[in-house]
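Scrolling down, you'll hit the structures one after another.
In the two complexes below, chain A is the common chain; its partner is chain B in one and chain C in the other.
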Partner chain A sequence: MRFVAVGKRVPRLDGPDKVAGKTQFGADIALPGMLWGGILRSPHAHARIVRIRTDKAMKMPGVVAVITGQAFPTSDGEGVPVLARAKVRYEGEAVAAVAAETEEQARAAVSAIEVDYAPLPYVADIREATKRGATRVHDESEDPKHPNIAGVAETKRGDVEAGFAAADRVFEDTFETPWVHQGFLEPHVSLAAMDPASGRLTVWTSTQAQFNQRADLANLLRLPMSHIRVIGLPVGGAFGGKNAVCVEPIAGELARRTGMPVKVVVSRRDDFFATRPCGAAVMELKTGVKKDGRLVALRARLLFDTGAYPGAQHGVGASLAQGPYRVPNLAVTSYSVYTNRPPAGARRALTSPHVHFALESQLDIIAHSLGIDPLEIRLRNALRKGDPVLGGMEMPYTVAGKVIRTAAERAGWEQRPSRRSRGRKARGVGIAAGHWSVWAGGSSAWVQVNEDGTISVVTGAINLTGTNTSFAQIAAESFGVTVERVTVHQGDTDTSPRNDGSWGSRVLFGVGEAVRRACEDAKGQLAEGLSEEMGVPADRILISEGRVSVRGKAGRSLTLAEAASRAADYRGAIIGAGALSDLPFAVAVAAQVAEVEVDRETGQVEVKRLTCSQDVGRAINPMSVEGQVEGAASQGIGYGICEEYIYDAEGTLLNDNLMDFRMPTSVDHPEYEVALIEEGRDGGPFGAKGVGEPPLVPTAAAIANAVYDAVGVRVKQLPIKPERIVRELSRGR
Partner chain B sequence: MAGETAMRFRVNGRDYQVAAGPTERLLDVLRARLGLTGTKEGCSTGQCGACTVLLDGEPGASCMVLAADAVGREITTIEGIAPPGELHPLQHAFLEHGAVQCGFCTPGMILSAKALLDRKPKPSDEDIKRALVGNLCRCTGYRKILDAIKSCAGSTRGRSKRVKKR
Partner chain C sequence: MAEPQMLQPSTLSEAVKALAGRGAVAMAGATDLIPAMRKGEIRPRVLVNLKGIAEMTGVRRTRQGTRIGALTRVADLLDDPIVAQDLPLLADVAAGFASPQIRNLATIGGNLCNAAPSADLALPLLVVDATAEVRGKGGRRKIAMSEFFRGVNRTALRPGEILTAIVVPRPRRRTGMAHAKLGVRKAMDLAFVGVAATIQISPDGKKCRRARVALGSVAPTPRRAAKAEAILEGQLVTSQLIDEAAEGAASESRPVTDLRASREYRREMTRVLTRRALREAFRRAGKEQP
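Right after this comes the complex of A and B.
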């Protein structure tokens, strides 16, 4: 197929404003008479709130309102109170909030709120938390033998015991991953204002999910949904950290009480607690294989730390634990475990990076132990069309092997240097793969054909990754015009059709398809509007390459502008709509080869080269897709070698700042090579599917496997810390 | 704010008289007093680089500079690197190379890059990486940013291009 717009490297449509510093993020907006919100947070990991005194704070200069947990009788969908009631369950939990005339006054008033806490024993470790007699995070009814279990999911297939009996070798290993932050650069920020005449509340916020926000706010503020307008702002990075409500209800409640607009900016430090970071995991894998490396059985027990409230996505971990491989006999049990940590939430690809770190590391162990090439063992087991995946589904295409082979070829796998040079700096190469399921979710779009032949697209999907640019390409392609003829507008909850949040790599796939369908709808309306005038039935009218013609009749054609203005005379306007929730799911497979250099003296690991391949179905905008791959892989490097929440014995987070949390910087970035494979096509627009999450999935394991290749140290716990490597190396000496 | 005094700032080639408090940061003066919100705040502690501006041509975190200490210095923000309606070659290169995703780090990145290229028009890859080490970007993985800057090496001084109208 020859495309006019799809497949082109189109710079982001919102780019010119961004490079000019003109984009208005939440912190950049101010309203007349605006107050500043401030939030008091718990210094304790677990404590009873004995008493809160707000009278002193109330009398501070500039203070207009102070609220505590009583202001919010309901909790959010996952039971998280907006402000703690009776108990705090993690350090950083919001306890009270103020509104004051200036930011400084708000800060001062926050420190004038007096709270008496009675500290309680706390539990911070997943394994401890599941032991009999462990401290309870929630008092409510739980199985006394298994305290702190917040949820269980199972994935079963075949007969795993029979599988182990038939296996030539069985391997058992335990892997651990840490708490990490999503690392977005823009802290959470929200503004709220209530119109006293109508009683309607408007909330401007940095969110991935404005319609979900509207529903949550209606519940938390006890307002009809029709009384709430959420305006999703440009988002300065999110990666799952802006899925859930954060300070929106606090800003909303303060605005309602004071009758004035209220802005709440979360400090960087508070953002480490308040954003539902990504929880730790302990994963026990028992895997049976044949001598030739074929997987025959996998039993996994996965414990995901969900912190003080549900949200850890253990179900996703259960459904993806098999990796992109055929596993005939499978028994995965996956738990969310309560601890006194911040409530866990989403981070790019949810729990997929966790389980793939475990499985892909173990596959490497198996390959080395059986004397099989790590590439070869993956190819032998790679999913093919029809193989069971995601619990009860079938793999829709045979592409995993090609993705894995491509990464290896591009990285020069066969020519890689022989292992373990003797010098101080050792190079090593490792491979890993991963998969991710893409679901369309609630997706919708409107498309209008204007009388000058330009096309306006409106969606309610938050444009995080440049999806608006891809929508322009999709619409342009549908009409056969250039991208310059299309405008894309992200509306808010009052002005655009409903969409689920921008998560799960669903937007391009689901909303992109809704845009395409809305274009087809608009084209149908054009044809109908013109059929009488052109004297032919609508189905003979053809719209392509920016012109409207009659099928089979050469010569007679209208420009899109002519056609649109005439058709609008008949119909009033040409407005196409697309809405769906039902696309068949897509499976995205990614594979990466990491080349690392390990310093034997210091244990420092440097990622020198990262070769990434991925099946994207169709790259609507290859430049943007590459950007997603490189950005995700960079996050994977952080996850692999440097990022983690570090706590002291009192349960206090020690590295609550960007310097000590250690995200990759410009000097840590490797050479990237990105290979896009466009084969596994589903119901997405022009065959496209989600791309943003899969490339984080294999990275940490590829690095760990490369470290093993370099110095023979198998790291089963992320991040791969220098001291762990040094310790292991000195042990071997 | 208590104890505000009148201070004179020179920002993007223009002089401003502003009343600012003794603890007020340059970042606050730029954003809140002058409405130059292109300078972003990502951490408030000098760790992210989103608030980078140029002070007498040198990049610095404006969240760590007291307003009073910026008096008398030539301050350049993202709003001031190209004439209105035009883009600096670095801004253009960031666009064309896909070096912009969320855009929150972008103004600071571009100013750090500009300082480097003004000082050293033909930097090595290492020079570029080192010049950006204080500017975090979570979205791009840095490669496209480095490519964008590299494409401008030797060509940025004093020139700017018209914004392409889309």
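Right after this comes the complex of A and C.
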């Protein structure tokens, strides 16, 4: 198939404004008469709120309103209260909020709110939290034998005990991953204003999910949904951290009470310790294999730290436990565990990087132990078409092996340096793979063909990753016009059709297909409108390469502009709509080979080269896809070697800023090589599927495996700390 | 944060007078000062902006050696021709300092006066016996670099005194210099161990005539490692001697555990980096023209 727009390398349409600093982010916008919101946060990891006194704060200069937990009788869709009621369950939990005329006045008023706390013992460690007699984060409805279990998911296949009995070798290992921030640079920010005449509330916010925000705000503020308009702003990074409501209900409630616009900007510190970072995990794997490396049984016990309030980690984690491999017998038990930490949010491929760090590290252990090449053991076990995958699906295509082999070939796996080179600096190469299921969810788009033959696309999906550019390519392809003939508009909840949030790598897959279907709808309307005039049935009218012609009759054709303006006469306007929730899950497989250099004396690990391959079905915009792969892999390097929340003995977060929470900088990155495989197609637009999350999945494991290859130290706990490597090396000496 | 009053003296005597006021704090590049003010760690009533004082700028050669004005920006150290010739180690260290944006504002004087245990620029100055030139109410005085640091964020400056320049003695013959540091990432990081070393060798190239070793981030202040120096001086330089000196430096370190590294790891890395710096300094000394 020859494409005119799909598959072309198109620079992001929103790129120039961002580079030039013209994009208006949430912190940049203001309204006349605007007040500033401030939030009082708990200094305790766990305490009873004995009393809150707000009278002093109310009397402070410039203060217009003070609210406490009573303002919000219900919790949000994930069970998180907006302001704590009766108890605080993590350091940083919001307790009260103020609106004042200036930011400084708001800050001063916050510190004038008096709260008496009765501190309680707290639990911060997942293992401790699940022990009998552990401090309970929530008092109600708990199994005393298993405290702090927020959720359990179990999946089974075959007979796992029989599998172990049939195995030649059984391996048992435990792996741990830390709390990390998603690493978005723009802190949470919202501005809310209520129109006193209509009683309608408008909320401008940096969010991944404006329609979900609208539903949550309706519930939290007890307003009809029709009275709320959410305007999703350009987002300065999110990575799952802006899925849920954060300060929107606070800004909304303060705006309602004061009758004035209220803006809340979250500080960097608050963003670190009081929003929804990515939780820690402990993963115990017991794996049975045949001598030739074939996996026969897997028992996994996965513990995800969900922090102080419930989350979805256990369910998603359980669905990923087999990795991109065939596992005939399997039993997975996955828990979300309450601790006195912030409520855990999503981060790029929720729990998949955790689970694959464990799986892929253990597969490496097994390969080395059996004397099988780490590449070979992966190829032998790779999922093929028809293999059962978790969630009751069948693997729709045989592509995993090819993805893994491609990463190895591009990285020169066969020619890699011999292991354990002598000298101060040791080079090592490691491989890992991973997978992620992409669910299209509720997706929709409108398309209008304008009288000049240009195409307008409207969606309600938040453009995080350049998806609007890809939508332009999809629409351009559908009509056979150039990308410049298409404009894409991200509407808000009043002006665009409903969409699920921009998460789960779903936007291009689901909304992109909705755009394509809306284009087909519009083309059908054009054909119908013209069939009488052209004297042929609508199904003989062909719209391609920017022209409208009659199938099989050369010479009779109209430009799209002519056709659109005439059809508008017949129909009023050409407006196509696409809405769907019927796409099957797509399975995205990624594999990476990391080459590292480890300093034997200092233990420092430097990633020198990262080769990434991934099945993307179809790369609508290869430049954009490569950017997603490199971006995700760079996040994986941080996750692998330097990022973690560090707490002191009192449960206080120490590295609550971008200086001390070390993410790699631009000079810390290796050369990335990206190989895109366009094979596994599942009903996305032109065969495309989700690409943004899978490339974070294998990175940390690939690095850990490379470190083992270099110096023989097996790291089972992220991040890979130099200190630990030095300790292990001196022990072995 | 209440807005402090801002004063802009154009001469040293004006600045000294301004700094005598209550709650007055000297300001240069402000890359340490502003974050500290934001955190509420310091609340100046008056900020005395030193940047207009001409006699605190520029790098030139004098009879005493190379005079580096305290207002010299870290970015300027990178490509100053005199620094490149007289103290290339300082240019090397400056190149790894924070980030380009910070290097464009931060000054050498500010980095020294902030007196962080990790002060990057202190180490090369400590190993060349540099001197701080200071001006205060009582007039001018000089402080040896090895006496300058007194504690975390504390220097030998008396209240109201201003560091005006650093004077580096003329380069010695047959001397090699090197430094090594460890951080988590390559930019925007504070070293958790830093070492600088100089070795002057005998004319036959075999003996260490004079040695200087300075350690950063492993004690309350950047400091010299006297034990390591004593082990080296007057001795035939061998790999074993360097190992002993490195061991000496590690034993002199007084590191703490913080979120960047543990005490034990810092001590061990002091040994590793001292050995590396000494080896490299010795190699470079051998390459110098006798």
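Definition applied: the second predicted complex is superposed on the first by the 731 of 733 C-alpha atoms of A that agree within 3 Å, B and C clash if a C-alpha of one lies under 4 Å from a C-alpha of the other, contacts with A are read in each partner's own complex, and residues count from 1 in each chain.
By our rule, a residue touches a chain if its C-beta (ideal position, glycine included) is under 8 Å from a C-beta of that chain, and two chains touch if they have at least 3 such contacts.
Keep in mind it's a predicted model, so treat the numbers as computed, not measured.
When chain A is checked against chain B and against chain C, the one touching more of its residues turns out to be B. Of the two partner chains placed by superposition, only chain B is touched by A:Glu630; chain C is not.
Of the two partner chains placed around the shared chain by superposition, chain B and chain C are both touched by A:Val667. In the superposition on chain A, A:Ser557 makes contact with neither chain B nor chain C. When both complexes are overlaid on chain A, the residue A:Arg9 reaches chain B alone and has no touch with chain C. Of the two partner chains placed by the overlay, neither chain B nor chain C lies in contact with A:Ser565. Of the two partner chains placed around the shared chain by superposition, chain B and chain C are both touched by A:Met659.
In the superposition on chain A, A:Ser75 makes contact with neither chain B nor chain C. Of the two partner chains, chain B is the only one touched by A:Glu484; chain C is not.
Common to the chain B and chain C contact sets on chain A are residues 659, 664-667. Here chain B touches chain A in the complex through residues 1, 31, 36-45, 47-48, 50, 77-79, 82, 87, 91-92, 94-96, 98, 100-107, 110, 128-130, 132-133, 135-146, 163-164, 166, going by the rule given at the top. Remark: chain A residues 9, 11-25, 27-28, 102, 104, 182-187, 234-239, 267-268, 464-466, 483-484, 623-624, 626-627, 630-635, 657-659, 663-667, 669, 671-672 touch chain B in the complex. Contact residues of chain C toward chain A in the complex are 99, 182, 184-189, 259-262, 265, 268-269, 272-273. For chain A in complex with chain C, the residues that touch the partner chain are 601-602, 604, 642, 646, 654-655, 659-660, 662, 664-668, 722-723, 726.
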